[in-house]
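I have a structure here, written as structure tokens, and I will follow up with some questions on it.
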Amino acid sequence: MKVSARNLLKGKVKKIVFGAVNAEVTIEIAPGVEVTSIITKSSAENLGIKEGSDAYALIKASDVMVAID
Amino acid sequence: MKVSARNLLKGKVKKIVFGAVNAEVTIEIAPGVEVTSIITKSSAENLGIKEGSDAYALIKASDVMVAID
Amino acid sequence: MKVSARNLLKGKVKKIVFGAVNAEVTIEIAPGVEVTSIITKSSAENLGIKEGSDAYALIKASDVMVAID
Amino acid sequence: MKVSARNLLKGKVKKIVFGAVNAEVTIEIAPGVEVTSIITKSSAENLGIKEGSDAYALIKASDVMVAID
Amino acid sequence: MKVSARNLLKGKVKKIVFGAVNAEVTIEIAPGVEVTSIITKSSAENLGIKEGSDAYALIKASDVMVAID
Amino acid sequence: MKVSARNLLKGKVKKIVFGAVNAEVTIEIAPGVEVTSIITKSSAENLGIKEGSDAYALIKASDVMVAID
């Protein structure tokens, strides 16, 4: 499948924390650079990801804000 | 200012394309890893960013999806 | 690729309207039921979709609101 | 009330699962076509929806991605 | 219609700027407090709003971030 | 830090309800006008906010819908 979302950042799952409904998935996309995602627990289970799995963070361009110091 | 959004990825603005209303801002957050953002043109102007500026990509964890091959 | 977003609605592209930056894509997901999407023009071009193409509308569960009359 | 969101998909509530804070609401919008929504538990209670209720899935066009096989 | 989104802020349309595809709508929700919205031009036209119209800003709780100085 | 999101509404935290993973933060942005936010519990803790704290509600313009009666 190919998706319209512009940002597809390849990495490895570093940590998954399961809540009752949601799961917090941390993906390391470059050495020392991590992206945290909250998805439903059932989505995480369907994907079959675990720590060390290859995974992508997928983000729509319109959901990325820009900030400066 | 400190913001609740979980992902604050530091980088440098690599490219800005201005449309009539929106601007597409590409930030390099690690060597060879880029994040593309669409913000309003007036926001980009208010921030005063240009190619080469230090900038952050700021993303809520609930806006990050996870994908696998 | 397999994505964490919960709603993957299969259909056919019924209409695409290109703007300067964005494209408005209408997908018929059941007879008489259409979903309208706004994605960047370059995303639409990368996907190579045109009227009549098979396509999916992909939506995160947290982006779906519920309404009643 | 009339809302600017472009996609208003009429259907029937097929399932509601209540968590501590959130509720997962599944709406059947065409025979065999379901949309899953996550809203706060208090919103679900305020709407007074239950299985079998008429309801709409309401989605902004900019929250709909497009995917192809 | 009653919608699950938690924040329904009543006010008056103060300004509408139409682009080719989108419209920027500014609603004054309290004296001196304004909320800016970007919706599609066709949504703005369908709502029939103009400067001075009564209108609501409608926002999902999960789309509101919190910041501090 | 300065952020591209268009709506930065100054107020005071009126209530925080902590769940297992999320926190619901209510900010009064004008007398009698409240905005409710759902952020992760760890974000709320990192910000160090409590009832009575000065805080901002920060919202992207593209996440604000418009509604009329």
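Quick notes
Going in written order, the chains are labelled A, B, C, D, E and F, and every chain counts its residues from 1.
Please note the rule applied: a contact is a pair of C-beta atoms (placed from the backbone, for glycine too) under 8 Å apart; a residue touches a chain by one contact, two chains touch by 3 or more.
Nothing here was measured: the structure is a model prediction, and the numbers come from that model.
Where touching is counted per the definition, the chains common to subunit C and subunit D are A, E.
We define each chain's centre as the mean of its Cα atoms; on that basis subunit A and subunit C are separated by 22 Å. With centres defined as mean CA coordinates, subunit C is found 24 Å away from subunit B.
In this assembly, the C-alpha centroid of subunit A lies 17 Å from the C-alpha centroid of subunit B. Of all residues in subunit C, those touching 2 or more other chains are 1-6, 20-21, 24, 37-40, 43-44, 47, 56, 58, 60-62, 65-69, listed in ascending order. Of all possible chain pairs, those that touch are A-B, A-C, A-D, A-F, B-C, B-E, B-F, C-D, C-E, D-E, D-F, E-F.
For subunit A in complex with subunit F, the touching residues are 19-22, 24, 38, 62, 65-69. The residues of subunit B lying in touch with subunit E in their complex are 1-5, 20-22, 40, 60, 62. Contact residues on subunit F toward subunit B in their complex (touch as defined above): 1-6, 37, 39-40, 42-44, 46-47, 56, 58, 61. Residue ranges of subunit D in contact with subunit C, taken from their complex: 3, 5-9, 24-25, 27, 29-31, 33, 35-39, 43-44, 47-49, 53-69.
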